Amino acid sequence: MWDGGGAGAFQLPEWMIQFADQKQEFNKRPSKIGRRSLSRSISQSSTDSYSSAASYTDSSDDETSPRDKQQKNSKGSSDFCVKNIKQAEFGRREIEIAEQEMPALMALRKRAQGEKPLAGAKIVGCTHITAQTAVLMETLGALGAQCRWAACNIYSTLNEVAAALAESGFPVFAWKGESEDDFWWCIDRCVNVEGWQPNMILDDGGDLTHWIYKKYPNMFKKIKGIVEESVTGVHRLYQLSKAGKLCVPAMNVNDSVTKQKFDNLYCCRESILDGLKRTTDMMFGGKQVVVCGYGEVGKGCCAALKAMGSIVYVTEIDPICALQACMDGFRLVKLNEVIRQVDIVITCTGNKNVVTREHLDRMKNSCIVCNMGHSNTEIDVASLRTPELTWERVRSQVDHVIWPDGKRIVLLAEGRLLNLSCSTVPTFVLSITATTQALALIELYNAPEGRYKQDVYLLPKKMDEYVASLHLPTFDAHLTELTDEQAKYLGLNKNGPFKPNYYRY
Amino acid sequence: MWDGGGAGAFQLPEWMIQFADQKQEFNKRPSKIGRRSLSRSISQSSTDSYSSAASYTDSSDDETSPRDKQQKNSKGSSDFCVKNIKQAEFGRREIEIAEQEMPALMALRKRAQGEKPLAGAKIVGCTHITAQTAVLMETLGALGAQCRWAACNIYSTLNEVAAALAESGFPVFAWKGESEDDFWWCIDRCVNVEGWQPNMILDDGGDLTHWIYKKYPNMFKKIKGIVEESVTGVHRLYQLSKAGKLCVPAMNVNDSVTKQKFDNLYCCRESILDGLKRTTDMMFGGKQVVVCGYGEVGKGCCAALKAMGSIVYVTEIDPICALQACMDGFRLVKLNEVIRQVDIVITCTGNKNVVTREHLDRMKNSCIVCNMGHSNTEIDVASLRTPELTWERVRSQVDHVIWPDGKRIVLLAEGRLLNLSCSTVPTFVLSITATTQALALIELYNAPEGRYKQDVYLLPKKMDEYVASLHLPTFDAHLTELTDEQAKYLGLNKNGPFKPNYYRY
Amino acid sequence: MWDGGGAGAFQLPEWMIQFADQKQEFNKRPSKIGRRSLSRSISQSSTDSYSSAASYTDSSDDETSPRDKQQKNSKGSSDFCVKNIKQAEFGRREIEIAEQEMPALMALRKRAQGEKPLAGAKIVGCTHITAQTAVLMETLGALGAQCRWAACNIYSTLNEVAAALAESGFPVFAWKGESEDDFWWCIDRCVNVEGWQPNMILDDGGDLTHWIYKKYPNMFKKIKGIVEESVTGVHRLYQLSKAGKLCVPAMNVNDSVTKQKFDNLYCCRESILDGLKRTTDMMFGGKQVVVCGYGEVGKGCCAALKAMGSIVYVTEIDPICALQACMDGFRLVKLNEVIRQVDIVITCTGNKNVVTREHLDRMKNSCIVCNMGHSNTEIDVASLRTPELTWERVRSQVDHVIWPDGKRIVLLAEGRLLNLSCSTVPTFVLSITATTQALALIELYNAPEGRYKQDVYLLPKKMDEYVASLHLPTFDAHLTELTDEQAKYLGLNKNGPFKPNYYRY
Amino acid sequence: MWDGGGAGAFQLPEWMIQFADQKQEFNKRPSKIGRRSLSRSISQSSTDSYSSAASYTDSSDDETSPRDKQQKNSKGSSDFCVKNIKQAEFGRREIEIAEQEMPALMALRKRAQGEKPLAGAKIVGCTHITAQTAVLMETLGALGAQCRWAACNIYSTLNEVAAALAESGFPVFAWKGESEDDFWWCIDRCVNVEGWQPNMILDDGGDLTHWIYKKYPNMFKKIKGIVEESVTGVHRLYQLSKAGKLCVPAMNVNDSVTKQKFDNLYCCRESILDGLKRTTDMMFGGKQVVVCGYGEVGKGCCAALKAMGSIVYVTEIDPICALQACMDGFRLVKLNEVIRQVDIVITCTGNKNVVTREHLDRMKNSCIVCNMGHSNTEIDVASLRTPELTWERVRSQVDHVIWPDGKRIVLLAEGRLLNLSCSTVPTFVLSITATTQALALIELYNAPEGRYKQDVYLLPKKMDEYVASLHLPTFDAHLTELTDEQAKYLGLNKNGPFKPNYYRY
């Protein structure tokens, strides 16, 4: 298993899927339609809950399915399906706000005024539909591409943004609260269109790729490449590749340096604080916290909590990460040793059943339990669904689980990802990811024949460096250039790449 | 060039050599003896200055060359050459103190009471000869090996330790202040011995390997492997390998995770403070510092100085490292932008002429300039050797360079490595390196035929993890073990390795 | 002016009042009723906006004034006036949650099972009515006191909590959204009651004290003391004292060590991050921030932002605080020097017009401006109300102010206190304040005649220490006790006080 | 006892004296001369050991007592007594180096070119004689004063600096290694001089004041004031004052804000690391440390060690400081709870027997024990002088104390102050103190009659602020000035003072 080493290491993003788990889950659900047979591979990410904080103007009064509505944008087009086209104006403002924090994409647009590196590209996309995605889509458009888009998650679409995109002419098929049937219908509307055939795929989770693979395998003949963002989708691609069934080049942008270090270390350093505050209003100073796993996510959580005056313990299975925790000033313990005394338990392992019912039984009153690492497997939440325990929903995403003796555990987001459910992801981090996606599309679309085979590729280091360089102006950061003499001395090209592939940063 | 990407990244240790530079340097020096032709490849590391703090009982009154002395240890052996066998007792105490902080090697000794994984091994070694090295050598002995040893640097031998080793029966040929001729004579005495032929090489800088290669090429037939510790030596091995001339397997322990992260990040985090304090007694709080390079060394320096209340600016050529600096809270600048205002300039780039005469001319009065990165190329010290500037040696390793207008620059260690010259390296860090060397020797010596070819290998990740695990007890750190169910879920062996090779830590 | 030194020093809490400002403000407002003449001294704090996040179950459908409703609690009492007595159950749960984080008050209750230090006390109170206040009131009850309570702010009452208190028998007169007339009516209902006369006052802002002073001056004959919590109220008391008109002892709990250091330094360290995240979702890493004022509030803000990777500049007028900023690693600048480059401007000075229109004109696009220090005077918000600037409310408490050239400034909470408006105050901090209030009441009520004159007193240091000690169990913290020998050596009583009065902590 | 609250709070500097202890100590010592009766009050500080690192060119070959030598400076004067006038040139260079880091005094000199605020002042001084003191003395001279000087400690004089002062005409009577008799002889030579009578006293420890009091009580008639720097001396002054025997005004500069906060918090933050490194070369990362006392010194030690990756526990007797430790992220424990597990024990309490033999018996092997707080009472070192324990001096200031079972404790500086013995004090900190002394002298000398009575005064806050402001240029720090409107609003003078006296900083 390629990413098996993930324990304590990666943040397996929210759309991570464990096929075994997922199958069971879907078996329990009644299938709605005949198309059900295809949906057995819908990724868990597609149905993950998503912070309701992201909604703006929705009122729940309109129960009509968007599929049953007749809508037109102001230019008369009906080639889209969104909740309510009238929300376009609000969505446009959100997009404009996002543009201000996505300088790299805006810079790409400027460069594209002369050349159109994606001229002729027909991109079909399946991602979360947010203001940031909209900036990406409109950038792809500015670079010359035609786009059609669906959502990769049935809850994550911002209806206003979808409306704004539809209004400005993008065929978008997505709304918040799609049914599973709606989900596949939307994807199908993107690809199955008269007189238009995609030649590039931008996927997040692999559902779009899977759908084309199952329904329209011939379509791959025209496709020049797939860009995949998620752990899950990448995992599927490697499996296809291993099985000899991958028939186009694919770019794994999940493992780029910028994504790994920024999405995980730096982003979690901020979102752990945000998530805990918004849900519990707790004070960090003096609190005892145990963080399970000292990978990038764990490192970020530990650094933030230590900085805010918490006393942090770490558990690890990997002796190298464990030694890092020691050198960084954290006591390395087994969970059992501190479980009675800690105020907060945070899991960041990518593992399952890290926090068991036995642990939960021994926690002290008011202990907060949350997960920063993996879908919903790290904390054995199922073990808490027993008759003697009382669940009390005290706020959105906050449950008190009450033992017979009155002890309460504060469980956040029912053990799902805290930072997805209870905090927001800074636009700046999304900007890095979106820029990486755009560059990967450009690279695959323009690569000379033969540069990429029918395999899964990592982003060339030089492009990783380029993404980083596009974000430096945000910080008014000034890069030093090598002199000719220095470049020669170091044996480097002045424009990079600057590091060997194994460099750890 | 394999490590060409080093700018701002690696700490290129003190014994790093640039062949081009070195040749010129040696061309200028008069050769002393006929053997000179061989010595053209003596590494610069062999002649680097070394902290005098490391000496204990030496008085300078004894000017007789050790080569001219007749010495015997208490058991009657004369198969060694040290400064003064009578210093053995003092050296033994230093070794005993070191043993207390090298728990991993002591643990290896305990395990070796039953099995002798190095039984039959005949190791010839060429390293710094310090108390820590002595613990390594005696551990190798306890594991079954016979050892003969020379120094890899003409200044770095602790005479008392060498005496203690000789007293307890190790054929050691080394003293502080060897001439270049002495240097090669000592190496030769290690390998050119009647009735004994080495089958393993432990080298630090590549001089020993080079000597055997040039003088006794046939000796390689019996040699099972080379373990090389330094950037320079590893560089030489890769060159040999590239040229098809490497005739035994070699293990590159320089690039092991534990060495990179601990020798560089954590060690420099401490030694930058130590080196500056010991030389200048300066106060860190409120000082403005520019750190050139944000690799592991730069990261360590920046973290320490920020933590102590300095205001730190960073320069970088690599946009990814640059973005890390930004996210870690440092202003990224060009050196020119801050050179007039900073109180301290620290180089950690692995590059040359990072600080030029022009920069030095513009620094403010009392600015401290030092190098944490590379031999002596980062600061253009040569440019300061001009008639209008006055040099004043104010303390050991501290020069005031005085401009005609009275401005003084405080130059530390003449631009050579600050932490080698002006601070000490914690035993704990040396323990990690020594343990890695011991394990690499065991691995190569015991590897089944065919596992290693005539190439340069990185330490298997599992051994890297093992080295780390041996050091955890020092911190009373308790590792968590995977359950069977978890190991299966993650697709991992419960004993590791726990991460894919590309994992960045 | 007693607290004139506040520049950059104190956090002048939200209920701070500047009499001069206030009079103007009230002069502009039409008086509603005949009682208006009395209300000229209503404190600004009484009308400050208050985070709407604090509301739970309110629906806006019930527009009937509570004063016009007939309500009874389950025991048949009508001696209260709240929004809706039916919300009592929800409020009780909030109180129970708060109890869990107010261990000191709960400990006081336990001790009170034997002795009733407030037996016979008749306390009239006027504070924010929150779950934490409820825990205080019920503790006072458990200690033997009878209480009647009104709100000190027309917006800050949690209706559910007020209902819960009324349900359990406390005469509470308060609801969210009182008119100014309601405000005084509620206070009057507390004090003007047949057959009951208060003998203790607990005030927050001084409005209650003022009311009694104006309307029922004879009531002071029976009053044993006033406990005042706010800067404003304390200021009023010192003025009364100076004018020789203070006729009972008063305790200034605002300047106790625990309140100053914890409410300001530690609380702001957390709430600055919380407030910025909840309003803007910004990323802290790499952002350039200028913090105006390096008092306790500024110190807290700077420490938190530096810890999260921001680059922080400080402005100060006081050279001692300025030197502290330097030693703590912050560049000390004038606002003009950095105003063009910073991403965030935070004021914590207690001063006025620290950020002027000129500064605002020069800020870069997207700059965030907020206030942690003082009512609403620090940022000259009024100067932004000019025709050429467009205001756009993008979220609750977040305005974009847009210049003709498109530049946007992000103004938070319209320049009012960020941490009151946009974040929550941790219960733990409120617990410290509430415990201090309770102890001050006990001290004044039980003090032997003559200990306190008609003056304003600081809390005795020993009680400050006692409040601290009651909070240590929360952190499982174990205090060391002096031996007899040590106490003698130090000349201290083993039970404290442990420091001279001028000790700075 | 005025400073009785010192436990865990102040750093009681090295020259702190406990009269009870001291008397016993001196009773045990044989008196050497008839003058002995006077010397019973020699302060302990006068005989404290002092870092030998401070010596430069001394060779121990010259055993002649300076009192028996005939020496003249180049201008023919013999009115001094130093070790060797020929060392003047070296000393001058040290003074010049110190001048570069004492910008405030140099600024005072510049201002004094026009006015001579000390014209007519005849100052007799008794302080450590170091390069920094020399800069102070020469500044006093430049301000118009005549000075005569002796050393306040028998070990702390830098002979080269004393020589340089003598060479430039200052009557200095001091050398390193004075006997007790020499000590009083030197002081007497300063005050008992034909045709010259002091009118100002600058004292450090109170010995000079005490001598004049005992021997020349009439001299006080002409003396306008005493400036005292040390805790001990200040303590003596308060005792005199209490006893009604203080006959001139005295200025307590020990308790000025700048001295307390900078000498203690910031200086110890740096010197704890420096002292530990220079003595033990230990690595801080991952080490478990217990710090006894969380006053300014403890706060500094804890902050530094935490920042360098140590895991820090704190013990406290004062609940307020204890709560601060909690909020700052340290576990508050009793020493017993962690004594078995820690790697380092640091005392900063100002108390006695904080570390007892029982604690020492339970420490683990290689535990480092040192004192940052008080003379030599905090660690019960005497209890280690028992026959079953072996002492081994392994380095200067480093002893291994070895238990019968082989366990070793590493005791630093025999329990005396680590930062005085094993590290250096940054010139910048000394600059703050020296500037404060100079300003206090100016204030007392120029104060109009009646401003100061025969009492002990704290430095006026405005002068404290002035000292701070003189040091800001070192950091290129730019202070903001209040506008007229702002000053009026705050009720402050634009030039300060800016805070009320009780402000805690």
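Order of writing sets the chain letters: A, B, C and D. Residues in each chain are counted from 1.
The criterion applied here is as follows: a residue touches a chain if its C-beta (ideal position, glycine included) is under 8 Å from a C-beta of that chain, and two chains touch if they have at least 3 such contacts.
Chain by chain, the UniProt names read as follows: A, B, C, D = Adenosylhomocysteinase.
Everything numeric in this text was worked out from a predicted model, so none of it was measured.
Enquirer: What is the minimum number of touch steps required to go from subunit A (Adenosylhomocysteinase) to subunit C (Adenosylhomocysteinase)?
Expert: Step count on the best path from subunit A (Adenosylhomocysteinase) to subunit C (Adenosylhomocysteinase): 1.
Enquirer: From the centre of subunit B (Adenosylhomocysteinase), which other chain's Cα mean sits the farthest off?
Expert: It is C whose centre lies farthest from that of subunit B (Adenosylhomocysteinase).
Enquirer: Can you check how far apart subunit B (Adenosylhomocysteinase) and subunit C (Adenosylhomocysteinase) are, centre to centre, with Cα atoms defining each centre and the answer in Å?
Expert: Whole-Å distance between the two chain centres: 58.
Enquirer: Please compute the C-alpha centroid of subunit B (Adenosylhomocysteinase), do the same for subunit D (Adenosylhomocysteinase), then give the distance between them in whole Å.
Expert: 41
Enquirer: Measure off the straight-line distance from the CA centroid of subunit C (Adenosylhomocysteinase) to the CA centroid of subunit D (Adenosylhomocysteinase), and report it in whole Å.
Expert: Between these chains, centre-to-centre, one finds 42 Å.
Enquirer: Residues of subunit A (Adenosylhomocysteinase) touching 2+ other chains?
Expert: Counting only residues that touch two or more other chains, subunit A (Adenosylhomocysteinase) contributes 266, 285-286, 308-309, 326-327, 331, 475, 477.
Enquirer: Can you name the residues of subunit D (Adenosylhomocysteinase) that touch subunit C (Adenosylhomocysteinase) in the complex?
Expert: It is residues 1-9, 18, 255, 257-258, 260-262, 266, 315-327, 331-335, 337, 350-354, 464-466, 468-469, 471-472, 475, 477-483, 485-486, 489-492, 496-505 of subunit D (Adenosylhomocysteinase) that touch subunit C (Adenosylhomocysteinase).
Enquirer: So in the complex, the part of subunit A (Adenosylhomocysteinase) that touches subunit C (Adenosylhomocysteinase) is made up of which residues?
Expert: Contacts found on subunit A (Adenosylhomocysteinase): 93, 97, 100-101, 266-267, 269-270, 273-274, 277-278, 281-288, 304, 307-309, 341, 365-366, 394, 408, 423-429, 474-477.
Enquirer: For subunit C (Adenosylhomocysteinase), which residues count as touching subunit B (Adenosylhomocysteinase) in their complex?
Expert: Touch residues, subunit C (Adenosylhomocysteinase) against subunit B (Adenosylhomocysteinase): 285-286, 306, 308-311, 326-331.
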